[in-house]
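Each of the two complexes below includes chain A, the first together with chain B, the second together with chain C.
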Partner chain A sequence: MDQLSQITDLSYLRSLTGGANDKMIKYIRMFLTGAPISIQQMELYTMSKDWSGLRQTAHALKPQLGYFGAKGSEELVKDIEKMAGEQSNLDRIPVQIENFKKQYEIISAELEKALRDLGN
Partner chain B sequence: MQGGTLQVSSTKGVGTTFWFLLPYPVGKPIEKTEHQETETLSRPIHVLLSEDQPMNQMVAIDTLEGMFEGIKIDVANNGQEAVDKSAEQKYDLIFMDVHMPVMDGYTATKLIRSSGNINASTPILALTANAVKEEIDKCLESGMNMHMAKPFEPEKLKKIVIQLVG
Partner chain C sequence: MAQKTLIYIVDDEPMQRELLKDNLEKMPAYEIHAFPTGEECLAASQVRIPSIVFLDYNLNSQVRDAMDGIDILKELKKISAEIEVVMISGQDQIEVAVNTMKYGAFDYIVKGEGAFLRAEKTVFNIYRYHKMAGDASRYKKLMIFFGVGMLIMIAVVVILQTKGLIRSSPSWY
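Right, the complex of A and B next:
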């Protein structure tokens, strides 16, 4: 994978877990299971204009991206949370969700690779 | 003898006293390092973790268990559960997420503080993903003691826990 296009950075996770592979694997697996559900929920909340639900889902997803050093994606989700919370720029929300979905494709590929590197 | 002197004084039928003098320069006071100050707690603690997100729960539990031997952690999945659990069990510290379903952390904190129950004065540490000033102020106004942003730095968390509980 091209180092320049790398979205994730596992140094925080490594520090958090003390480099314990089993814990790193556990967190990565948990994220890869939960994040697609969060994305789906964000889309559903947007379609039903449930801005409170959208804000809550984005808020919960945000720190998880931080665990994997995906700072840019974290900012993107923060933007979605802010727009939903303030109910402002609502037309931009679907665009930002699409942008995040594209980033998530890269994130998940990077984390799957990390799992293989960690021997899982 | 390292530049010192050894002396003896003896009185027949009374006893003998030995003493010595060793010349040493006056040392500097030992300063406690940050590491020493935050090393550990003197006793196992029982805490309540109020957090709705499973991964955040797991990260917090793993981190706290790795830091504090014998720590007991109860989990509340929302603010209402935090209020209910804090009415039944005395805790040394309550970790409070701010944005939770059913009841948010601000409301839960206000209810715990005004309850007059066993945890009315228990330290409450806000753990939230927003580190903006308005949110930190709101945490403190609701009755929380301190604020920490997620994802947290483990060493900083350890220091704060010891500061609040120790």
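Right, the complex of A and C next:
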């Protein structure tokens, strides 16, 4: 994969774990298990106009993206959280969730590759 | 073997919880337990009172009607005022986190890349604070002990003087 088009950057996670592969694998697996559930929840909350639930889910997901170096995606989720919290630009929320879903596809592919590189 | 200091972590987000737990477990003098809800932490605190609790402010991303961090903080302080609570919050809730200090939180940590290092430093700060408080208490007791001792000595000298049992100036004068 082209290094320049990478969304994720595992250098922070690597420094945090002291380069321990088992820990890296554990965190990547946790994220790959939890993030699709969060995305699904965000879609459901948007459909049911539960802005408090959406804000809370986006809020919980946001720092995890930062730990994987996906700063752009973190900003996107932050935007969703802000719109839900302020109940402003509500028509933009489904668009931003779709944008995030596209980014997540790339993130998950990158992290799956990282798992293979880590020997898992 | 010395008893380990008990630390509880409360965070509803599994990865955040695990990252903090793994990071604090690097310190061998501490026994760490993590809980997804404040209610579980309160139940555990009734059985074994922790020294430190790292407490997320938002705790309802998984369980919608879960108690929030401030309510848990208040309940923990009812169990024991000695429990030191460190609030954890998102970047956008710093004001809320600062406000928790008035309910007795020791400090607050903002989630993000520097949070884990900050958590370690906070544990050290709590240890240092308690050590200093202990030292201050010991010095205070020592000062009172010497003060009372001095008063007793003066009283004895005055009594002996009034009874003429000792002279007011040393004999070599």
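Methods note: the second predicted complex is superposed on the first by the 120 of 120 C-alpha atoms of A that agree within 3 Å, B and C clash if a C-alpha of one lies under 4 Å from a C-alpha of the other, contacts with A are read in each partner's own complex, and residues count from 1 in each chain.
The criterion applied here is as follows: contacts are C-beta pairs under 8 Å (C-beta built on N, C-alpha and C of every residue); 3 or more make two chains touch, one makes a residue touch a chain.
All values derive from a computational prediction rather than experimental measurement.
> Just from the overlay, do chain B and chain C fit on chain A, or is there a clash?
Result for chain B and chain C: clash.
> Could you tell me if A:100 is touching chain B, chain C, both of them or neither one (first, second, both, neither)?
A:100 sits against neither chain B nor chain C.
> Report for A:57: first if it touches chain B alone, second if chain C alone, otherwise both or neither.
The second partner, chain C, only.
> Is A:45 contacted by the first partner chain B, the second partner chain C, both or neither?
In the superposition, A:45 touches no partner, neither chain B nor chain C.
> Common interface residues of chain A with chain B and chain C?
In the superposed arrangement, which is not itself an observed complex, chain A uses residues 12, 16-17, 23, 26-27, 30-31, 34, 56, 59-60, 62-64, 66-67 for both chain B and chain C.
> Under the definition above, what is the set of chain A residues touching chain B in their complex?
12, 15-18, 23, 26-27, 30-31, 34, 55-56, 59-60, 62-64, 66-67
> Applying the document's contact rule, which stretches of chain A touch chain C when the two form their complex?
12, 16-17, 23, 26-27, 30-31, 34, 53, 56-57, 59-60, 62-64, 66-67, 81-82
> Quick check on the complex: what are the chain B residues that touch chain A?
Residue positions touching the partner: 52-56, 58-59, 62-63, 66, 99, 101, 129-130, 150-151, 154.
> With touch defined as at the start, can you tell me which chain C residues reach chain A in the complex?
Contacts found on chain C: 12-16, 18-19, 22-23, 58, 60-61, 64, 90, 92, 111-113, 116.
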